[in-house]
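Pasting the structures here.
Each of the next two complexes has chain A plus one more chain, namely chain B in the first and chain C in the second.
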Partner chain A sequence: MSQQQNNQLVKEIKIFALTQDPIYIGTGGYTIGRVDNTIVRDPITNVPKIPGSSLAGTWRYYVALELQSHFKDEFRVNLKSRIKKNIDELLNSPKDWMKFEGNKFAKIKCAGQDDLPNKTLDESKSEESGHCGYCIVCKGFGFSKKDLSWQGQIYFIDLNILFFPVFTMKGTKWITTASKLKEIGLNSISSPADENKIKTNNGNEGHLNLGWLYLEIEGTHSIRNENLACFNFGNFQLNPEDIVIVPESLFSHIVNSNLEVRTSVSIDPITGAAKEGALFTSEAIPRGTILYGCIRIFDKLAIKGIDCKIAPLPSINHLEQALNDSKHFYETLGIGGMTTRGFGRLKIILLGINSTEKRENEGNTKSSTNHTGGDKSE
Partner chain B sequence: MAKFEALLKINPQKVENLSEYITYCKYYFKPKSKSKVESYENIEKLKQDFPIVHRNILSDSKYKKNDTLKDFPLNWLKYEIIGNSKIKTFENDSNLKNSKQISGIYGNTNDLQAYINNLPKYSFAIWFKFKLKTPYFSKDDDEFYIIQNPILKEANFKVPMVRGSSWKGALAHAFRELLGEKEKIESFLRIFGAGSESIKALESYLFDKSKDLKKTQEHLLEFILFELGLKVDKVLIEKIKKIKNKEEVLNILGSKLSQKLSENKKHLPLEFQTHKGRAIFYPTYFDRLTFEIINPHDRRKRAGTNPIHYEVVPKGTEGIFQSIYIPFDGILKDNNELKNEVNKDLNNLCEAFEILTEIGIGAKTKLGWGRFKIEDKKVCVNSDLEIPERWTKCQD
Partner chain C sequence: MNNIEAVISKASFEIVKEKILDENQINKLLGILSTDGVYAMWVYAKSQKDIDEKKLLEKLKEILSIGKPLPNDNYDEYFQSVSEDLPKLLFLKQLLEKTLIYARYHARAMGD
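Entry: the complex of A and B
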């Protein structure tokens, strides 16, 4: 892996996300407890997360949607009319990544599940349905055809909770732990010494309630405004005063007892009253949570020479641009369930980090990044 | 876990912002037992911190252990905590600002327009300011609160709000009053989406996934009656009962519900298949709070029985509504067809809002609560759509 990274074959992009609405990504099953509809959690820590697969699925669709909406009207619907044209002629005000030559065969059906996996790559070119196997969406996210299967070049990792909002008597505070801050590169922060104590910016408030927990404040943390510069989500900026560091052992408890739990009932349109037996409860990651994770893009240009069937391949740069230009759809179409009624919207920030720089940083700090390193190798 | 119990010591004089007010209402000092009162620093301090503890609890032998809400002097709360103006305003509250910013609610339409420009062609946003003509109330799930009926608040910011789901539900309800024409039924399904049991049953029969004709008949009737709220006469019921094959199902859909089907098409239009709606609804946050009391009267004595307290957003409060419409499923449609659809949807939506202002949002609309007046109506478009009458373009 280190060899690859030195060769700059892998680009790692850090991703930070702010939930603009509660996020509901259901497990589909039932668990015994007080809620009917439970959300996806990390099996070890029991903290809710956004699975990488959900991210990959929605992003694939948003890249396809962005690409399609740039096709000129006459070519957007009619696939066959594109064949003899040059890619430049097909698009309205195209960005660099849209000019990737395989995009000639792109269709909206390149997102979602492949309808026609039993067609060959060549046959898929002119089909109205199914993955095309040529465009930047298929190459970037992967496809499987009768004669050729291709693993995507973009790797998504789960988004985990970094800052979690909790209502307190001093307003809403965002809780986090020292190990989470270390993972994003704030190394000098240590956990509170006592497992029932917390750290705040001022450190002299005495006690603070985090939901129902009433905890003693141990002292100050050393997070400054400049450390939080990358959490600038448009109008909203996280301040050091709003951050509280809690012991590792309490984090999962506080998160789970402050999730948004909602009791819903279906309304009968005729009577205007609640329907019988239609009451259910669901939980969700609340609004204002900040999550982090990373995306890795592999440069597979070397393979192009070995297997000529797969050529052409998009470059890392183009794939990165494609992700960046379509991430705004998360602010409306969102992720997870119930997105048209005030759920699932997400604001995403991508921080590109060159793989070699990243390694140097890790070397310097000698921090406990072993497990994150483990995550990265696939 | 006794040491984690939240016994908060708040002096009401110090209740200055929304968080302190809510903390006060949520975790106020409940003198549940003598030992709890005794363990407070001293009784004078207790009286100072909580003027509501007016009785001499320690010497009162009849002191009830389970002090109920009835014993809580709510008028005192209304006048002393909420204040003499009877209204608590908190326009500068940091939690209000944060929740607005996090939710992506635009204070003006310039930034909204910039966002719309990045969306697929024929997307639009509806943005308006409104003023409540009557109080707004919607009950919160929170069970631990000083009064029985706290107003709905954002889960972790505790700001009074209207949820996106409330807006969607209320607007869909208002929209049903328009459903006289077939075209508007299609528009309704496009905007709000479809995915109910009835739609799924119809779909699976028409696409050969099920052969259960009886179930299809039932669900078709249910769909017309309950989901669209249309009138059903004996003739139609008979007609639906006599359905024998798929063609007859399509005929009924075409004659009663769908313009597209009646124009001689043979397949089920996209609108009548399971799909996500094109409109996305944002929440609204309010910056004021007060109390209202409803006092049910004894029918015989003509006198009040038990006053019921409600925490409400008072009349005169302003809010911002925001909704974005993205025709994401129209990417494979012909330009003119799509434009036509979107124009109709935009017009119908704006019409539905006029109806909604009269119906009201939230609970107790029967009592006249939740009515509002739309003040600054804006539509942000990214293409050549016709703007409905009395609405203005964002750029103007």
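Entry: the complex of A and C
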């Protein structure tokens, strides 16, 4: 599933994500809508999405968290005590990517906005705040110091909705379109010929309601179990009978009619009742939605060998392992707003990771997901 | 009909100015319209004693006629027949949503 392009200079990793909670990524009041707090949408299709910038920001933080969790207690905060040590001596059971030599200077502040952008790269080594500019987080995701700015090596794109859950008279079905399936490599699936009709697995049910829309079934969609093998989110497995192909023109309408809308109110601590005028509504991508996107990792081989302040650089393999080892934080800390109010958890599958390492990491993830739950039976 | 935006903005303003709907009623109608469709919104409006649905439809008349010609004032028949053409129904839903969204913010601006 991965694409290695230009003599392995750029590696593309596909991402599939299952929302385990509603996901709220707000527009910050820059749009008006039927709710107070609207979510980010694709301007062309009007379908909600998870912007690549949200993914990049959270993933940077989670890689930094994962790295910090392996530092021995005595070295985690005290940066000066690290200088004369070897990277192996600083970490508890480090994985390969953690042994990258620049990680000696890594701190939790390597994630988030740089507090000290006016320090030079050399000065940042011993600063307790700001991006260090040396570790895999800074080199992978980029940084900007007084004397050097670096773009980073990991490129994120937006996560778009691939399968969207809708309640029907036949239970919950996941809607998608032929063009979305084509984007993930299912080229043989065609759209319904009639723009008012849909396709199901059996194709002979007559009609099906998708929320408030009642649509005629045109025929079968020919998606098979093997086409869906990559959507194995632990206990959740999508089946062909769960999928309904809808016309491109209806997809946005159906999604927007079936978003989760929540009304919240502030509680007056004196009366214990709802505070007047403090009612607000939010919308969110509902749980059970499957999104897709990709990450590209640029090896920047051309820079290797040039006498430059940025060397050494982490390899593609190290960067993808860093992403893979930290993705479990999306299942606990989540993405977007209101993550302490029942929103935000996301289960991520990365396709394109080196097979032996992938197996090893899946083993680790399974043990952690047993604690977090999140599946079809939720 | 050349400028749909002008029709929508006029209707949304008048709905609030003439106190046909308050902010809470607008929010409820908007929620039902979005999740359950045009007919559901119409039925809900009729079921609410504090909503004068005739006055409301008078304001929405011009918008409704964009979706489908409105030969007489038989709205029951209109809302049933408009559902027969799906693209037109979805377009009408968008127009009504936009009208109510504008009305929602007019109501807020007026400190309803």
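Heads up, the rule we're going with is that the second predicted complex is superposed on the first by the 342 of 378 C-alpha atoms of A that agree within 3 Å, B and C clash if a C-alpha of one lies under 4 Å from a C-alpha of the other, contacts with A are read in each partner's own complex, and residues count from 1 in each chain.
Rule of thumb we're sticking to: contacts are C-beta pairs under 8 Å (C-beta built on N, C-alpha and C of every residue); 3 or more make two chains touch, one makes a residue touch a chain.
Everything numeric here is computed off the predicted structure, so don't read it as measured data.
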Partner chain in contact with A:171 - chain B first, chain C second, else both or neither: first
Which of chain B and chain C A:212 touches, first, second, both or neither: both
Chain C versus chain B, contacts on chain A by residue: B
Partner chain(s) touched by A:261 [first = chain B, second = chain C, both, neither]: both
Contacts of A:280 with chain B and chain C, given as first, second, both or neither: neither
Chain B versus chain C as contact partner of A:331, first or second or both or neither: first
Contacts of A:196 with chain B and chain C, given as first, second, both or neither: both
Doubly contacted residues of chain A, that is, touched by chain B and again by chain C: 196, 212-213, 258, 261
Interfacial residue positions of chain C with respect to chain A in the complex: 27, 30-31, 34-37, 40, 86-87, 90, 93, 97, 100-101, 104-105
Chain A to chain C touching residues, read off their complex: 32-34, 195-196, 211-213, 249-250, 253, 256-258, 261, 281
Chain A to chain B touching residues, read off their complex: 18-22, 65, 68-69, 73, 76-77, 108, 165-172, 196, 209, 212-215, 233-236, 258, 260-263, 267-270, 272, 286-288, 328, 331-334, 338-343, 345, 347
Complex interface listing, chain B residues touching chain A: 3-8, 10, 17, 19-20, 22-23, 27, 94-95, 98-99, 101-104, 115, 118-121, 141, 154-158, 163-165, 167-169, 173, 176, 192-193, 225-227, 229, 276-277, 279-283, 324, 326, 328, 331-335
